[in-house]
Structures are given as C-alpha cells and as structure tokens.
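Heads up, the thing below is written out as structure tokens.
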Amino acid sequence: MAKTYKEWMQPLRELEEGIANLESLAAGESGDKAAEIAETIRRFRQRRDNYIETLFSRLGPWERVLLARAEQRPYTLDYVSRIFSEFLELAGDRAAADDHAIVGGPALFQGRPVIALGHQKGRNLTERTDRNYAMAKPEGYRKAIRLFRMAERFRMPVLTFVDTPAADPGVESESRGISEAIASSMLEMVRLTVPVVSVVIGEGGSGGALGIAVANRVLMLEHSIYSVIPPEGCAAILWRAPEKGPQAAAALQLTAQTALELGVVEQVIPEPFGGAHRDYDEAAAGVRDAIALHLSQLDAMSPESLKADRYDKFRRLGSFSHQDLAAVSVTS
Amino acid sequence: MAKTYKEWMQPLRELEEGIANLESLAAGESGDKAAEIAETIRRFRQRRDNYIETLFSRLGPWERVLLARAEQRPYTLDYVSRIFSEFLELAGDRAAADDHAIVGGPALFQGRPVIALGHQKGRNLTERTDRNYAMAKPEGYRKAIRLFRMAERFRMPVLTFVDTPAADPGVESESRGISEAIASSMLEMVRLTVPVVSVVIGEGGSGGALGIAVANRVLMLEHSIYSVIPPEGCAAILWRAPEKGPQAAAALQLTAQTALELGVVEQVIPEPFGGAHRDYDEAAAGVRDAIALHLSQLDAMSPESLKADRYDKFRRLGSFSHQDLAAVSVTS
Amino acid sequence: MKAESGSSAMFVQCQGCRKTLFATEFLASHKVCGTCGHHHRLTWRERVDATFDADTFCESASTLVSHDPLNFPEYAPKYGQAQAKTGSMDSVTIGTARLEGLPVSVAVSDFHFMGGSMGSVAGEKVTLALEEAANARIPAIVFCASGGARMQEGILSLMQMAKTTAAVERCQEAGVPFIAVFTDPTMAGVLASYASVADVILSEPRALVGFAGQRVAKQAGVHKAPKDFQSAEFAMRSGMIDRIVPRKDLRPTLATLCRTLGGRLLHGAAHG
Amino acid sequence: MKAESGSSAMFVQCQGCRKTLFATEFLASHKVCGTCGHHHRLTWRERVDATFDADTFCESASTLVSHDPLNFPEYAPKYGQAQAKTGSMDSVTIGTARLEGLPVSVAVSDFHFMGGSMGSVAGEKVTLALEEAANARIPAIVFCASGGARMQEGILSLMQMAKTTAAVERCQEAGVPFIAVFTDPTMAGVLASYASVADVILSEPRALVGFAGQRVAKQAGVHKAPKDFQSAEFAMRSGMIDRIVPRKDLRPTLATLCRTLGGRLLHGAAHG
C-alpha cells in the first residue's frame, strides 16, 4: 500500500511531541535545571529543522501528493482572512442551490475592491461533509460565474484559490450538468476584461480545478500539485491498480516545478520552512505579495489586452510539432 | 357556477351538427331531393353565421376568457408550422431539464433567419400533462434565455407566441427559482439589440406570459386575453370566491381592446369569422402579415435604437400623476 | 403587534412567541423580539431610520398617485383608506440617503400600504430609484415588502414588472451595484421581476419569499411542500439569496457591499 | 463489429443486438444496425463521408504530432501503434468541407485513436478548426468521440480544455454558429470543455455522455444511478442536449442549422 501522510510524518511528529514535552517540563523548573532543559530543547529543535531540511530536499512525487493534500495546510478561507479586508461571502447560483465547496465574494485587497473565490476544504468530518471534500457541484461553478460577471460589471480584479481533488462526479451533479458548468465557468473567465490571478494552494485536481483557474497569471505554492487526473485514477485506468498512485504520481509529474517549466504557471510561490502549514501568516504573506506583484503588472493593460493576454496564454500551451519538420516544442 | 366553454357553445355545436348530418344525407341523394337538402344546408349555414355574428357582437368578459382558453384554438406550434419554414426545435436549459411547456428554435420567416418560441398547450390529457398545461417551469424560461442569446449572437429577430394560464407554481419550480427565471428572461429581452415581436395568441397569463413578451411590438389576437392575474385568482383574493371569475374578468378588463387602449399592445390582429379556431390557416396568415409589417418597421432601426425603443415602450406604461397637479395619465 | 406602532403603550406582544415585551426595548431593537428573534414588519420610515445615516434621507416623487385606470370596484376607497392610514401616497417611498457616509439611491416598500402591492406608482418609483442610481453613479438599495402586483390596476400593474426589470439593466450598464433586501413578505410580481435580478440579494430571517400566493398555489394543487416552503431559508437553500441578515446587521452589511462592489464609484476608475 | 472495417467480409455482427447483418447494407446505412438501430462507431473518414458533400473535405494540419512532453511510460509505443492502426497522426482530424453546398469548418474525433483522447495535438486542432470558423465566418461543426483528456501528456492535456473553450469565444465574438455532435462516447475533459458550450448540441442515440469515467465514478462512490445514467437520453432529459438525431438525419439537421443560425453569413448582414 502507498504511504499515508500520517505514516510519512511520524518521525517529525515524534520530534515535535518531544519538544512539546520538554517545554511543559521547563515551565515548572528554574536555575540550572531550566537552563539544561532549554539546551535540550535547542538541540531537539535543531534536529527537527535538520530533519525537515533533509525531508524536503528529497521529496518524492508521492510525498508531494500527500503534502498538497495535508489537512494541516491552510485552506482558501485561511488565506482570504489574512489577505483581504471586508470579505463578504455571497451565496447561491440563482438556479438550484448553494455549494459550500466553493466560497467567494467581494473584498478589499490592499484597499482595492476585488472578487475573491476558491474551493474550500473542511477540517473535520462535519466540515468535510458540508464542503463535500471541496468537490464542487454544478451550483459551485454557477456561483463562480455569477461572481465573475459581477467582477466584470464593477471592474474588479478576480482572485481565485484552487484546492480540490476534482469536481463532484455524482448522479445529481451529472443531472445538473457538471460538465456544462465547468465549461461555462472557463468560458466566462475567458471573456473577462479585468485582471484575473489564480493561485493553486493545495490540490489542483483536473477540470474541477481548471474551472476556476483560467487566469492571466496562474501561480502555484511550492508544495501544491496540478494534475490532469488524480494519480489513483490514472493508476486505475492505466494499470487497473488504484494503489499504484505513487507510480502514477511519478509519471504525471504533477509538481509546481514541472508546471512552471511547461509554461502552465507563471510563478512558484515559496512556502515557509517545512511547508505552508507550519506558518499560515507567512504563507499568506507570500501569496499576498505574489498577487500584488502580478496585479500591478496586469493593471498596466487595457481591458481588451487583458482578455487577449489570457487567450494567448492558453493558446500557446501544448507540446507538438509538424511530423516532417524539426521537432520544436511550442511551449518554453 | 360560471358558465363553461362547452355550455356556452352548445347552441352553436347543435347547429354545426345539424349541418353535418344534412351534408352526409345529401351525399346519398341526387336530383330534386339533393337540391332541397342543399337549400336547407344553405339556410342552416346562414343561421349559424347569424348566430356567430350575434354571439361575437356581444361577447361578455367571461365569454372572452372562455374563448381565449378554448382548446379548439390554434396553439403556438400550429402557427409556427404555418408561418415559418425550416423550424428546428431546440431543447434544454443547460442546467437541469427540458421544459415542454415552452418550445422554440431557429427557423426561416419569409426566407430570413429568426428565433421563434412560445408556450405550448396540449390537446389531450397525455399532451397536456407533458406540456404541464403550458405552465412553464424555470427551465422553460432558461431555455428561452438560451434562445434569446443565440438570437443576439446571430443577429436574428425574435418572435414569441404567448399562451399560458400562468407559470408553474409548484414546489420544484419554486426551489429552482421560477421567479428568478422569469425575471432573468425579461432582463435578457430588455438587453436584446435585435427586433423582438410578441404575439398573445390565447391566454396571456401574468408573469408567466410577460416572461417571454418584453418585445418592441406586442400584438394580440382579437380574442386573446392578457391579465395580471387569472380572474379566478383575483376573485379568490378579493372575494375569497374563485367561482366569481366572471365578475373578476369584468373588473380586470383583460381584453385585447383594453390592452391596446392602455398602450400595452401595439396592434390587435383580427381573427377569422367566428374565431381563430374556425380557420387555422387564415388565423396564421393574419399573424404572419402582422409580424411582417412590424418587422419591416423595426428593420429600419439600429441595434442600439431597438434596445432603446423597447426600454421606452415599457418605461411609459403606467397610469398616475402628481397629486397636486392636473391629473394627466401617462399612457395614451 | 397588539399595540399600534407609534402609540404610547408600555408593552407590546410579540407576533412570533406571543411574549409580552417592553415597548421601549422593542422599538430600540427596531421591532426585533429579544426573546425569539421575530422580525416584525417596519413602516418605510422605521426602515429608513433603522438603516441609513440620521437625517440624510431625502425623499423624491412623494406626490405620485395612481389613476385607477380600470375604475376597478372598491379600489378608490381602499386607496384612500391606505393613504389615510399610512400618511403615504402609495406603497413605495424613494429618495437618496447616506449609509456610513456613502451616497445611495433608496426605495422602500411598505407592506402597510395595501400589502405593498406594486401598481403604476410603485413601479414608477422603483424605476426612478434605479435610474437615479445609474445616472448619479451610486449604489441602489431596495427594500422589498410586497404581496405582488396590484391587481386593481390590471394589465398596467403587470407591465410594472417589465418596466422595473428594464431599469435594472440601466444599473448594470452603468456599473452601479443594485442590492435588494427581502423583508416579510417578498412575493409574486415583485419577486419575479426586479427583486430577483439584483446583484446581491439579502433577506431578513424567516421572511415569506415566494412566487405564488398561498391561495393561488393551493388552487394549482401544490402539495408535499417542505415545512419552510416559501421562506427566506428555503430560498437561500435554493440558491436564490446571498445572505440572511438579522436586522441589526443589515446596516454594516450594506455598507460593506457599497464599499466593495461600489468601491470604484467612490475612488474613480483608478483600476481597469 | 467482428469484421474489421474495410475488410471484405460479407457479414458483420451487430454490437447491439448480436444479429448477423449483410456487410453491404451495414455500410450503406453508415454502420447503423437495421434491426436494433445501434449506432456503431465510425472512423473519421467514414464520418466525413456520411456527413459532408462528396469530395469536398479538405484536410488541414494533418502532420501535427505530439512530443510526449513528460516522457510518459509506454506513451511513445502506444502512440506509434495508434498511428499505424489508424493511419492518422493523432485522434482529431480537421479541415473544411461543404454541407448541402454550405461551407463549414470541421473537426472529427476518432475513438479508434487512443480512445479519442485529447492531448496537445487534439486540443490544437480543435482550436484551429474553431478559429478557422471565426476567421472565415463559416459555421463550425465538431464531432466528439473521446474518453477525455490524454493523461499521458499530463498537465498540458488539462490545459487543452481551457484552450479549446477559449476558441469557442472566438466563434461567439464572430457570430458564427458552433455545433457539436456527441457520438459514442463523449466524456470527461472533452464534455467538460468546448463540447458543452456549443451553441447547439446534437447527439447520436444512446451515445455514452458523461463527466466521470465509470472507474473514477465508482471510486468516488457513485451509486443509485438511473439505468440510463450517462447516456445521451439522460443528458437530454437533463437539459444538456438539443436533439438526439439518428445518423441518417444528421446531415439535413446540420444543414438546417447552418441555413438558419448561419443564414446571415450566407446573405451578408442584410438585417440588424
């Protein structure tokens, strides 16, 4: 069986627990004894940092998948609350339902009106059920379309946060047109004449992710992933063995670095030491600065060129050539 | 109890039956006997025509309601098949369902591409159930919106046929936003920059009718009605007595003539002698000629002025004045 | 409430939980019951006082009156009685105001005037308020409280649905936000026109929100309805409402929407 | 069919009803079973022959080949085998043609080439076909037959969804109709991109039409599906398809759509 996040993190958790024990021990001591414990804590922390450094210097494809999916990672609303002021969540697709797997609304970014939206995961069973594991249904994408149109009407930049394993594949979603909803959401983004920046913060899962990520600039957090299919699904189709996810993850090369090299994303945003989940504030600051940078560049463009820029970005993507010509990749 | 269509039409039906009997009798005769029967038929026909003339010269408000609702009347597809060529019905709201209470699609009108759509009633129980008595659900109005957008994109005039008791008021319709769907359909019509002509062919029932009738020119067949509320509903609210429909019909003045006088419609299209149901072809020819006339006038307008013209038409409607000024009606 | 609004009774009875409440506390909370949270209906003036900056509301078109175009039975006397009872000429009051300092165009429907029904005057005034927002480039805020179209004005009442909806397009073209607030009740001809195509729809808790009046629905054989059918909460679950906002939170919520969606209007078109 | 297409066998077995059919009749009906109506899959060339005016199809971009950007295990040999088997370079063939004399831009996906999967080449070709329609101001007709994105090209395959959808906007801007025809199967990455935002969507009867492949859906715990889940008929009931059209009626139906929706392109912008 493929390694789980818990198994993978076991040594680190033990170190962290040791440090925590020592810290509570130190609280009851003074003098030499206290100094001694402090020194031990210092050494343990050093060891922990060394361990993290080693761990992250040789992350395998599967560990990257585990990390991107970790429930300790900051989710969309963790970023939204740190990056924006006056965020007001709006709800409903004006057709059938409200989807809690996608949240969004107007907000101020550094004092300026924007539309912020993204997939939202849950941290406990109740939340996860309510959010449907961030697997959006048609009503989620139709709510996004409403927000995109609002952004266009009121000339607000659109900032999206991508974090979903996939769109919901159930019978209800199918009968309400999940495919149509994703496609229409993409088409609506294509039409926008305001700046659009998308950030893949965790799991960029196939069409469900792309449905809200047709942006002028697509950014990825260092340890996020972006994939045409979940590795387990890929393994199920290729080898009829969903448990071969790790092999599929290696083959799919679903890392931020590969996406950057293929021209799919414009920037990889570095994460705090040991991953975004170790410091939400620092992670959010990194995302905020990246958004500010790209927005300032996009602000120089006219409405028409923002739309043209987005078309050109996706128009270029692909890897092919004419059979009888020298093989030259179209991307990068 | 209020009179039904069947009761009201009983004398006429008896006359028609008498004529039919004589005609079959005549088929088996020749010579003097035949001439004698022919003369009797002639007299019966004369009597029937006189009866119709008298009947229609003093139509009361309730008879008008009965006539507009008569299942013998031509319905939308009866007109569509006679007025257009190459009509191809399209289906689906791209969100939840297809509504058989509204039909529509592209067609050619006198050789020219148009979008034709309208409410569709059914003639027998199976059809009526399938068409939901022409009471459209949200998906009907959302299909209409799709067709309006297609008309806008491909610069096709829109021709709508109005014939519904009301929009569907059920739980499913409410939960899929019947109000929103009607309002959005009206808003989409407001936005169109192509010519729009609507014809009330039978029952123009409140919001369900208006949802597809925000046109540059609204026309009514002579014996159609257009009302803010079904007379039975009005009676139920005002007098808690739905059976007082006839009194409410009188109070509401839901006739084509009143609508014309109030500026709500631009033209009343005359019907064949005895009503549209007595000659579908002649009725359709009248509608066709009226559409052709109004389209030719609208063709002279630019896209922007077509939109402005529609705004102005509805902007003017109302009957009020400033309390302290001379009472001057805003309409007509 | 048992006690008339504006009367000097010391106690009122809550229409939700039937508890007896101190009139002063009841009025201070803008007629929300401190025990059960029931939101009692407000007159248009109470709504303005509860929502906008003090003394900033400037009414317009206050003298418009209907012409009774059909000479409809009993309409004229009913209309006169409603005017006498409410002191207003018709069901909708419009004007401009400030909200946390921000300029807004306002329309408020008052259920106490013939059930807030929309005839020629209400339609004209909502249209004027939306057009004012578009022209002055300020947000439009409309409080809905209506049983639907005013059937006594016949087909012209129906036409107000198209007229007010058309005015929403003016706001959209001008890029000014249009925010609708559903209050108890928001029904039929109002719900099925301008109200449902607002950019943002807020609702007070437990407001009646629906397409067909109960009598009409019953005639049409509606059955198997969920318990909260035609409530704000049902409409919210159905994706029709953005937020259900308790009365005390309406003011800051509306102000946030004006600052974000309408932010560009305040600062000029600096971006995009 | 048991008999290979193009082989000289006298009989074939229907995949729907298992009956044995005369090969000549079977081919004359464009591989629709005369007994049960089962629509067998067509190669791109059979589709072109069945649909467009004889000898009017003019292929373009026929030499595009994928680069295997991830050096994905087993992709290169599979790709070569598919090319050898089909004689095509990739799954989609594009070009221009005439339909009852009307000029159209055409893309045809062939399920026989790696399940019609959409990688860089298929995405590029669909995009080129849509752009050609927009530029030449002629209708676009796309026949879909695909299991979805080609996962062997990883994230670049996913991006073809955005790229092809963006090209649809070009058609919309140009006012040229884009008609998609779903054939068995139309799934996943193709259904969830350009295919679903066509102006008009036709489908062959009983084509598999759905978002998640059966294996993926099963993993996600999909259950209680109706019997015809993910069929064209289910999608039609769900409002996603305009018409289910038997193969023999496709040609006149498409021509009617070109003459009506695309009528203005033929006669010049005489009106409006």
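Think of it as A, B, C and D in the order they're written, each chain with its own count starting at 1.
Heads up, the rule we're going with is that contacts are C-beta pairs under 8 Å (C-beta built on N, C-alpha and C of every residue); 3 or more make two chains touch, one makes a residue touch a chain.
What you see is a predicted model; the values in this text were computed from it and never measured.
Common neighbours of chain B and chain D, by the contact definition above: A. Taking the mean of C-alpha positions as each chain's centre, the chain lying farthest from the centre of chain C is D. Of the two interfaces, A-C and B-C, the higher number of touching C-beta pairs belongs to B-C. Here the spacing of chain A and chain C, counted between their Cα centres, is 41 Å.
A separation of 33 Å divides the Cα centre of chain A from that of chain D.
Here the spacing of chain C and chain D, counted between their Cα centres, is 51 Å. Across the assembly, chain A contributes 94-96, 142, 175-177, 180, 184 as residues in contact with two or more other chains.
Shared interface positions of chain D, i.e. residues touching 2 or more other chains, are given as 196, 237-240.
Chain-to-chain contact here is organised irregularly, matching neither a line nor a ring nor a star, and falling short of all pairs touching. Inter-chain contacts occur between A-B, A-C, A-D, B-C, B-D.
By the touch criterion stated above, chain D contacts chain A in their complex at residues 63-70, 72-74, 89, 120-121, 123-124, 127, 149, 151, 153-163, 165-166, 168-169, 188-189, 191-197, 210-213, 215-217, 219-220, 222-226, 229-230, 234, 237-240. Interface of chain B with chain C (complex): residues 135, 166-171, 173-180, 182-184, 186-187, 190-191, 206-207, 210-211, 214, 226-229, 232-234, 236-238, 242, 251-254, 258-259, 262, 264, 310-311, 314-315, 317-325, 327, 329-331. Chain A makes touch with chain C in their complex at residues 86, 88-98, 106-108, 112-113, 139, 142-143, 150, 153-157, 193-195, 299, 303, 306.
Note for the complex: chain C touches chain A at residues 172, 175, 177, 196, 199-201, 236-243, 253, 256-257, 259-264, 269-272.
Of all residues in chain A, only 94-96, 138, 142, 175-177, 180-181, 184 touch chain B in the complex they form.
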